[in-house]
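Structure record follows, encoded as structure tokens.
When the chains are written out, they are named A, B, C, D, E and F in that same order, and each has its own residue count from 1.
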């Protein structure tokens, strides 16, 4: 068993202690990005994972690579070269003050990578799963080509494919997204989306929900899941359901649809340490459940519990073990001290 | 357009991470004080502001001055001299444990400043607004004389005047306050008070409220506003309404009375990063609204939203932009990440 | 008046800012342990306290000793020697993620201490109260012997004895605990327990409560208190009642039974800075109330308020004054700034 | 009197405490860059300075701007727009381990700025001095055009011009540098260079020196100065003379040539806190001396003393006052406490 | 045996990591002051010491008191009251940049203390030594009276008295110092001075030395010692000899004169972590040697070695043990790791 | 090619910023230990390395393991179990104040490991080199047996063996060391020792040197090398030569003897960030040189340069690349900025 993820890892710079950018004379340094986050989370479940990206051949690129290795992620298929490591600046919000993300990811090594940089036949040797997100093709046509090549090779080798739609309006328009993602969806077995993605990328809406007002009608999302399934014939459609009460408090649940049944997970009322990577940790939980043959019900509960825990952890990565996720799944949500 | 604020800026020393004073081997260093806070907040709205005070001619005074300049506040009317920069020690409370303030502000340069230190005719050149608080006259008769001189000059030059009553029981008795403030009120166009101030300074009470019990009858404060207006013939009376649930959680709203109508703002349920300067950020919001010709309703909503955001920001200063305040006014209070 | 506490003080190492162990490149350093915590808390109430333990004769042992002295705790009866200072690693939980404690306390100087290390006749000179917890005898038979010797000497000299049951499953089995603690209970005047202790050590249960589910039927604990009293003929039985909503939010109350009446304290809804030492701060509050002749009602309210405040304070020790506890007892729980 | 500097300000990220990049989970954040450093240094001497650059219209650009304002630098001629703030990563060396700089400055707002972004007639209103460095034209032809326009306008308005050659091999080749800089030199009155610049840009060498071996024959640099003067007919040529003993210890002196006489400053044996910006602080000292009518001897001593002090100060900026520089010039180099 | 010290303890605030005041957003917090430093140093040698001062009855005063207790210093004779704790701001210098001290000590509780605040008969019960410095009488006539009263009482009870001249030009003029100190010298048995004190206070100079140039002729100081002895008939005169090479590097030695012989200690070439309190640690070493019956040679070597070590320790206090001082006295100055 | 190292990795706790233990409220956390340090250093040279130890199956053990993985060290042969991770507390010295190490390593998982825990046939598959130090057998007879087993297996499989004598007086007596190490030496091809080791373990002395006085006669060590070679018939003997000037300044060189010739490296005058692991980084450099077929001269220069750089790096590990070592070997020791 081996999982391959392709995508970007960035340097994340964030002021400590809820300071604003303008107040900070120190930035906390972590590394992360959609698919890197999925990789690390899976590695923390003791699954063999290979993360594929392109990193600059300088000391900052090396620091990102070492950070991945720390968790046991295989980094041997990462070519080195290009101009720079992408950056995102994160100012954490609090209460009514929203978090701010300033992206500085253009011209990164991976965003300028090309099909020739990767030998996917070799990369997928022994692999059983491939994961990517909608961020990668949005980085540029060249990267979209890389993703397509990866998908084709995976398909050819019988590797299952999951995709988190992850629409990023700063990277491409809805039209560009729709064109590109529609083409990629033909390879995808399991799709992951949040409340906005399906609408933004494919124009599929949860009619009755009004996300900004903090009200979510979970049932409405069954409709979205069904439409996605119908349109692309996915094996499974998973949707995360976030209700933002404030920058510190969110409710969190998720839905899985297998074409027959809808499974709605437990809803968690969360205080938040760091919500970035919440969706990615959900994706990793989902893949873990499927690869371990969990029932669909258990799979969605595992993924929801895993990603609930992520919100209590600093940085992009979900740093929890299988045992910890299972304890929460089993209902131990009281936060009592484990001695 | 130019706004002038006169008052004290202090060095604020506070233990990090909710430590008690006795635990701390580091203090976080910020600078602040009622009128300085108003100045910085207005400068962050891109208004031209001049802060007037007196600072010691040493490196600590310079640090305070540089901090003001950082936000674009004009500091060219600050004479240098006197003995020291005033200090306040702040121990942040948490949950049932209240915050503690230990003042060490006696003998500060501004508290020993005199009328001769300031050339108000020059200071108010081009000014449209003057703001002071009840803290300044409480620093001593000499400072009360300075404030009186400022008010007279402002009035003479057609500058509008706002005053935040800001009663400080450590600085003067209720009698002293009443005598001095009554005299100053004749110059004031817009007055700002919180639940306690009107009572402490002028004996005007919100009968039905029981602040300590965390219960506020907002309507009761309409009465207070009306009595203030009737007594001093202010153009506008603004009252902030804080309900303290714990040191971490407050509800916050405000009331504006223009002699005809009462406007009650939306109430915000806030988690708190730093509640010091909350009232000052309200004052700045109010002045912003009035100077920009907002309706009274919009003015009180802007001021309430601005000061709600302040509670999420470390330090005395409100470090938010007009756009951020307007987004919250417009109802975006869910703290969702802005990418 | 003098209080003597015997037990262990450990080095506590914890990652800052809710980091997980694997993320930390710094550990916050404090010192603490059940009986040391009671000692410091009592010293902070300006009571004369002597803490008795054994510390290694190295610089780490010295650091622990200096830390006790800082609060005015008498350390003159602490022999120096043995191998090491015990350690516990604490990873603070958040929301649904529980706190983790990794103990590394075996082979500590006190856990290998023997009766000959302590001259209890001298130690108890002028003493009026002796406090120990169930952790000490659990450290080993040798320490159980020390505790027994201390109890006997105290009893002989007319010193009142309190014991916090504090069952630690990592240190001994329920059978070992029951055997040893039953023998020690004959000396004890005041016993303190939490929801689990009475069950774990003596098999006395609160039938109707389901702690893990976060539901506490307070009345059920009256039963537990009564059974404890009946079995060992204590003067007073005190029980802390914690409802864990999440790692950040707990409800907290306590019960005192004097053989005649049950006194249930006010319940506090707490946000939590550090819940370790919560029970110990309760014990110290209880002892303070009894030694100062408070009524039973006031005693349990004082103990509950004191330990409520502890949850807002970093580290094992409760660093609050009598005035602060009394202010909370008197109903000031809104966390408003004290200037 | 007003000084105008044009150039780039970057975000500088550096691991604390001599950590390597790969070890850091925090970066210290300062802002700096050749001409920004000169600006701040001059502002710290209480001279009116305007720094001209282009900054992105995001929160990171704002933080850089606020940092300039803190020191009283005028920022009113900085257009906002473009893609990003340039970055440089600095890993501080120690002893035999050299400092490492990783540049990530491509595509910055200023590097993509154009002549139309700046109204130099307005910018130079009231100006007496213009300073730029060889870094700016190296950013791209468009920026070289901006610099040329600035030089022409300055010349037209009778503003004196200084240039620090500052050759950066990562930005352009020696040929490109020579072509562009030769053209610009016709406008320059005062030129500043270090041991390498004259060689790299104009092929003018100090034959006998062997910089890498830590040996400097100061006299050899008189030759370089003379050749520069002869070639471009500068009013003054200033050369900094650094002897690197280790990353912690440097010797530092400077040379001024006015066409008639050579003035060699005192040599300082320095321990180093931060050597970045050493040359820029020299330039600022030189400009200060000239603008204040110092003799050439005093000018070079002032510039050398100022830049010696810079090496003891964290960050790019030289944060010292005129009094402090003069005290060192006067021979007080023993570092005794000033009370 | 008991030592009593009277004087001031202040809050010391200093920017971390060689930052300048204007750069700091954190201050390191320690407590210290001439006589407090002597007290803590002696307590670290396991001698019983009582420090006498007056502290404000607030949380900052309590923090200072707890800090003294940490080292085992007796604080039971410290009255609480008055206005404030004195402060000094310390900016640490580096290389050619000198350290800066900004005092903010006026109106402190001890500087406004009076004879009635202290019961010296009780304080000196069981005491064998009394130490004060020239700083205390300089705080004001009232404090000079307190010191005089202490000296008289000590003399009456046969307690030996040491005084460190410690001239502070910010506190009094040379004339004031001479008048007051001359009167106090009649009680003093052992006097301590540095290169400047004897000159500043009594006009006694080391003719040949030129301190600012970093050159010390040790023999010249024998003359100073002799003149001091001759004038006031001290038992012993001790003089510290500091050669400032830079803010990071000093040479350090000391001289003892007993009326018969001069003993010059070894000279130490020191790198410096914190030079504040260097003289105080010398005083404590001297007292330790005398009280333990060391020979004069050993006494001066102990004092010199102790104070050499102080320069490697952060904060005002000398935190070294007798064993550590003796190891250095014995010649182990290579800094090799002690495992 | 693969290198195997067997030994202990410990948690290292050290106060930041030259604080003493008693001052610290934070400890810096790194992981290290003789053989782990060699492993990481080799991994940083991009060699495949497997580190073999035993780690407790808890979160602290996991953190140590992740730290190794970060550098690409293979950890797949590390069994999990046993009681605890060993600790050492490091207080960094400065100038005349020596560093202090307090060991708390007894009962660690590896110190209680047994031959059955390791499958050396599998571990050495594909290996070309095995490295251990004298610390491991000193942990106990059981560990000595493990090392013996490892040596035998390595020998059997044709794997070269290096050993750093590394005598630790806290772990065993000279007699125990001599007995055990003599037996192990028969397997060793390359031995590494410092000035003390050969004497302490085998009674082989450098007669003329007087280490404590900071004087090293390099030639004397040729004698030691020769005697070691003669006694055990090693292929190569390498000796590190440290001259301690102070805790901040050391001179450093090394000697290699191949039976024919002595090669003395360049001597480096070092300022020190962290001298722990200096010897280990030398060992890694030596192994690198040999494995890459360097000449003996180049090998010793590489090893000396590598370990010189280590002294500038925080933590136990040497975090430098081959290029960086080679640059220093090539004479670039001036610490000039690399851009």
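One rule holds for everything that comes next: contacts are C-beta pairs under 8 Å (C-beta built on N, C-alpha and C of every residue); 3 or more make two chains touch, one makes a residue touch a chain.
A quick note: this is a predicted structure, and the numbers were derived from the prediction, not measured.
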From the options D-F, B-D or A-D, the pair that copies A-C, where over half of the contact pairs coincide: D-F
Between C-E and E-F, the pair joined by more C-beta contacts: E-F
Distance between chain centroids, defined by C-alpha means - chain A, chain B (Å): 44
Interface hub residues of chain D, defined as touching at least two other chains: 16-17, 20, 22, 25, 66, 100
Chain F partner contacts - residues on chain C that touch it in the complex: 13, 16, 20-22, 24-30, 58-60, 62-63, 66, 83-85, 87, 89, 91, 100, 102, 104, 106-107
Sites on chain E touched by chain D in the complex: 17-20, 22-23, 93-101, 103, 168-170, 212, 214, 244-249, 275-276
Footprint of chain B on chain D - complex, ascending: 66-67, 69-72
Interfacial residue positions of chain C with respect to chain B in the complex: 16-17, 268, 270-273, 308-309, 311-315, 319-320, 324, 327-328, 331-339
